[in-house]
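Each structure below is given as structure tokens.
Two complexes, one shared chain (chain A), two partners (chain B, chain C).
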Partner chain A sequence: MSAGRVFRASAALEASALVAHRGFVGLTALAAVSFLVLVSLFGLTGAYAPVALIDRDHGPMAKAFVESLGRAHHSFALRNVTEREAQAALGTGRLVGVLTIPEGFSKAIASGHTVPIEIQIDNVNVDMTEDVQRALPAAIVDFGHRQQFPGTTTRMVEHDVQAHDTGYIPYLVVSGLALDAMVIAGVLGAMATAREWERKTVTLLRLSPASRAIVLAGKLSVSAAVAFVALMLAVVVIVAVYGVIPIAPGTTVLVLGACAILFTALGAGLGALLKRTLAAVPFVFGLAMPFYVVSGSLEPIRFDGETIWRVAHLSPVYYAVGALEWAFHGLYVTPEPIYVDLLVLVGLASVAIVVTLGQLATGASR
Partner chain B sequence: MIGSVWGMARNDLAVWRRSPAAIAGALLPALGMAVLVAVLTVSVGQQPVALVVQGTGPLAKHMADILREDEDAYLLEEMTEPQAEQAFAVQKVAAIIVVPEDFDQRVEATDGAVDLYLNNVDIDLSDDLRRSVTRSVAQFDAPQLSLTGELRNIASGMLLPNPYRVNVAEHDLRDTNVSFLQYQVIPIIVLIIITVGMLGTALLTARDFERGTAKLLVLSPARRSTLVMGRLLGGVVLTLMLVAPLIAAGYLTHYIERCEAGARLWVMLLLSAPCGWMLPPVSWTHALALIALLIAVTAMTVGFGTLLGVALRDVPLVTMSGLNVAAFLFFLGGGFTTVAFLPPWLQTLSRFVPTSYAIEGLRQALFYPDLTGFGRDLSVLTGCAVASVALASLALSRAWSRR
Partner chain C sequence: MTSTSESRADAPPAVLASDVVCQFGRIRALDSLSLSVMPGTVMGVVGPNGAGKTTLINVICGLIRPSRGSVHVLGSDVQRHADAVRARIGVLPQETALYDELTPVQNLRFAAALYDVADADARIDEVLDLVGLSARAGDIVRGFSGGMQRRLAIARALLHDPPLLILDEPTVGVDVEARHQIWAHIRSLRAGGRTVMLTTNYLDEAEALCDRVAILRAGQLVIEDTPAALAARTGRCLEIECWEGKALSQALAQYPGVLRTEIVDFGLNAYLRADTTPEDVLRRARQVCAVEGFRSRSPDLVEVFRSLTGSGAAS
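Now for the complex of A and B:
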């Protein structure tokens, strides 16, 4: 039998198996889109601390100060509520703080006096607490500069590397795509190989005169194709729902295609080692979150320290995030060049294929 | 009857013990989430920054001292300009702060400037640094705007004027800040309950149908209602057996000396999970509230799991559905965030997710001095638990009777 026919027959068999398990495949794709949406929730609370504003002054300076609070680097989601409502919300964790502008604020400021503004902080969440503690001086500085008060001598001059900031959610959802690639392609790849042991067809495969490599290529090409389609569905969600447009659409599609193929190969290796879908699927899901966060999904991972950065190199998602953030936003989030990220993924996938072929050839039958 | 119920529960526990893959499957996503939170705890707050001090005058030195002292905001490393540029290029630092050569002269002319070279790769990181550097620079003219100043303005009762004409007087609601990991302990416990209680029971139920053991159960002399109760009891006992030691560990970690800050980084990383697990001591009323909420959410997830198993009766399908449902229950329940800080439409959506009541109630019981909202949280969870257990009993009983 020619190699082409073996490949096509194997692919057709895999396709029919996926059709038979279409519920499972559909749920895998749903999990991918869900992950994308759910991780973006983290982005929604990464900034804009909900703070109640109690303005007892209502004067022009108070108004100007509130405007400065709004300019303090996406820090505050100000809520105008009564004092009683504010205290109740603060006591039940619904607010980070209550900011009070005292009566006579405008008059005192206008006559050159310094006025204290009180803030009550629910310091239960250290991240939000620190954001508020740092943001208030930023707002005060903005207020002082805009009112052109005399006596300030120094200012900060910012020079940015990127022409514009990338929003947190646009950044997160693109790195979420790398997570999706790992989950969808990993699960489908694992299922393709683990099934050989579950159905005990691995023995037949060993007895067959056909090349195991070609049979495996046929199976995995279908898994990768399905994973790619599911990933494109996630891209549609990113473009249509989040309004994030890739700066290089062609490159994005190519990188996603590469991720689909490479993670399918990695999943196949996992399936061949674990030999059970039930074990492989939770394993992929269990690894997904730690791999996601350690791979520069929230910011370039080297900013979190050398130790974590070194550990990140063990995660294939690290390299995928590097390639995808570059393709989507033009960002370099790994110190390594993009071609190195892709080459490492190819290397990992090659090792996984060798492991899979080894297991198919000589591994235990169950 | 009690003996039969317990017998069925013991049988399910024995099946679990012999199914390491299922146990791993139920625990791995939750453990993955715990690792995620531990890593986030290490990375939240401080950013690596290079400090280049070119000015040699006393004012430049003072500015550099202000920056060096703000250890909460930066992981500052002093470098020469070429070293800083190299570190910036390979992402060893997120920003370079330069106190220029002519700083003193320009300050004298009220035109002093501190340069911030920022890798503004995403807005969250960039804004963190902008806030921090702005505060440090502001401290040069207004020392009251430092963190110490914010906290002391009230305590000292003194009001020192500053050129920006506004001071901050901060009152903290609690004595110590709760670390990010401590804050996230509750959702992780809830995630373990969801995955073990729901996914575990769903897998056992589906397995009975796949392997035909449901038929054997029905043929046993025990009454069907007894078997159903045994299945539910088994799920509850197993879940509580896994969760109780974790909560106990949360209190035992108070005795790990290495948990204190100052240990080497690798020790901190190794111990970040157990150290962060450290739960705050609570009064007996809050402890009872914790236990009641944990039992209610466990019963609810076991009921959901049984329903899922009866509905799908296919192990791979149950696994994937269970993981999807667990993800929704966790994230929309406020697992990774604080629901009250989300946009209003998401808050409304979250009200229909029962785990949001569990997470909110457990956080209230652990971190807040009163039990505001506890009655509502427990009522919703108990209602969901009763409904899911009743429906699960009915569905399981009917499914078995058709075998």
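Now for the complex of A and C:
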């Protein structure tokens, strides 16, 4: 029995089956891009919350204060508008707040007087309110430090753990790739196995003298290859549309390839257990969001408390995010070393393959 | 028994099941079943749903490990040499197990790789021609009728030219025309000297195709013999047309030459021992009621089955 021949025939069979279901495969690949859009929309939400700036002073201190405000960490965008426009926009829910620098601000500051800065806030969303509440004191401290006000003796000296800063959107789109890998490779892997039960062709595999492991390898190699192509499509979108460039392109491609293979294997295990694409595919999609959110996709999950961090270890996406953020941005977002992340994924995939082979071997009807 | 099978009488059985027990929890699917199938013959395994036919097939193919007993196929122990046995048998599963989004050629190419068939394309053309599907070789299987799909599955079972063919309910769910086409294929296989073992719910199918018939009930082998010998055991059937079927049945039940009776629409069927003549029974019948007509004939397998199992029809 030629193992190579069985592998090639199984791969050709799966390729033909995927061509026959090309509409479904195309939509699944499209999910890769739509997930990127989803996560970047999530990241963009609140990042440009409009706050009106009304400068009644127009003096040098007012200008310096606005510069300090720009340096402070916040997620809003300052807009210079008239008072009438600001009030109209605030009343119709088009502004988060209105910040007013009073007339005589520069003269009062120069004279050493305390000047209140007034802000009106649409506190419909406490996150936005707290963002403004955090940014203003930070800007005031920065302003005082730069103007060398007496008593402003503390300043921040930053020592970065990571080699470079990484923006929220660049972080999100890469973790989105891990979600893509799970959904696309998982769905294709689940389809490859579950359809064997749906068409009853599992009987053919059980009756044949050929190795089921080689048949499975042949079929899944095609599923993983298609998933990899879809993931590379997502990478092209990340580079071309988002302008996020991987620091190590070769490593990124390798890790993505590994993720495609490993999630295909996990999907195959799920398909073999559920034995129906109609059950397995929604299950993969249903798991995607909880796994994504709990897996450090929005920020390193270790910052979210011990319990959530422990729960995150149940999700394969956690390890994939660790490996992909490292490959793409050079970040270490899991306390575990990258090789441990990859080894855990390999371990999970191995268990899934053993489960799949076990299901393929047993369960002949009476 | 045909001359072909007679000439192979000394050959070891193609299938030899010895004291096979299959227990699934509290259900005993096969109960101390022993059976042999001689090379070059067609063996029919007959029984109602749940009799254990498919379990027997699965045990023979090595898909189920029996709780007790042994099965040898083509001289090899199925449990010890499962892959070797599978390489030498062709199986038509109850569900055709076809990749229905693909073409017959794509299905057969995959099967050819699984069974390591040499010169696969030529052999695929050959088997497609044999089952009359050459013209549809490039069409998607999903569009095929049930009969065409069964024929394609038979082609796949024949692809590696196995000496033993196992057909699990080969004509279930197909129309009359397709059924007769499949019968013709099975007869041609037998004529080619191949051993065929088939399960069926249809007794007429077993009668039409099989050299020997094994009747299963509740996992046990009720009897195994040629269709003619089974019919002889049941006795010749005497159809008696009369209006007093019930009274006549009670009267003939006491008659020593009558094995059993069966009340039917037109009167009564009486099954006679070999040493009993119809005339003797008719004489006794006329003493009980007016006999308006009669016919003496061989019993069919439905009647054999009823006689041996004491139940209703198999199908």
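General remarks:
Basically, the second predicted complex is superposed on the first by the 340 of 366 C-alpha atoms of A that agree within 3 Å, B and C clash if a C-alpha of one lies under 4 Å from a C-alpha of the other, contacts with A are read in each partner's own complex, and residues count from 1 in each chain.
Throughout what follows, contacts are C-beta pairs under 8 Å (C-beta built on N, C-alpha and C of every residue); 3 or more make two chains touch, one makes a residue touch a chain.
Source: prediction; values computed, not measured.
After superposition onto chain A, the partners chain B and chain C occupy separate space and fit alongside each other. After overlaying the two complexes on the shared chain, residue contacts for A:Ser2 are found with chain C alone; chain B is out of touch. In the superposed model, A:Leu220 lies in contact with neither chain B nor chain C.
In the superposed pair of complexes, A:Phe285 makes contact with chain B only, with no contact to chain C. Contact with chain C, but none with chain B, is seen for A:Leu204 once the two complexes are overlaid on the shared chain.
Once the two complexes are laid over each other on the shared chain, residue contacts for A:Gly144 go to chain B alone; chain C is not touched. In the superposition on chain A, contact of A:Ala12 is made with chain C only, not with chain B. Residue contacts after overlaying the shared chain place A:His21 against chain B and chain C alike. Once chain A of one complex is fitted onto chain A of the other, the partner contacts of A:Ala135 are limited to chain B, with no touch recorded for chain C. A simple residue count on chain A separates chain B from chain C, and the partner touching more is B. In this overlay, which is a superposition and not a single complex, chain B and chain C have their closest Cα atoms 13 Å apart. Common to the chain B and chain C interfaces on chain A are residues 21. Those residues of chain A lying in contact with chain C across their complex are 1-2, 5-6, 8-10, 12-13, 16-17, 20-21, 199-210, 215, 364-366. Residues 21, 23-24, 27-28, 30-31, 34-35, 38-39, 41-50, 65, 72-75, 77, 89-96, 109, 112-131, 133-138, 140-141, 143-144, 147, 149-162, 164-168, 171, 191, 276-279, 281-283, 285-290, 292-294, 298-300, 302-308, 331, 333-335 of chain A are the ones touching chain B in the complex.
By the touch criterion stated above, chain C contacts chain A in their complex at residues 22, 24, 27, 29, 54-55, 58, 61, 63-64, 83-84, 86-87, 91, 93-102, 106, 109-116, 140, 156.
Taken together, the chain B residues at the contact with chain A in this complex read 21-22, 24-29, 31-33, 35-36, 39-40, 42-45, 47-48, 63, 72-73, 75, 89-94, 107, 110-128, 130-135, 137-142, 145, 147, 150, 153-154, 159-174, 176-180, 183, 203, 265-266, 269, 314-317, 319-321, 323-324, 327-328, 331-332, 336-338, 340-343, 346, 360, 363-364, 367-368, 370, 372-373.
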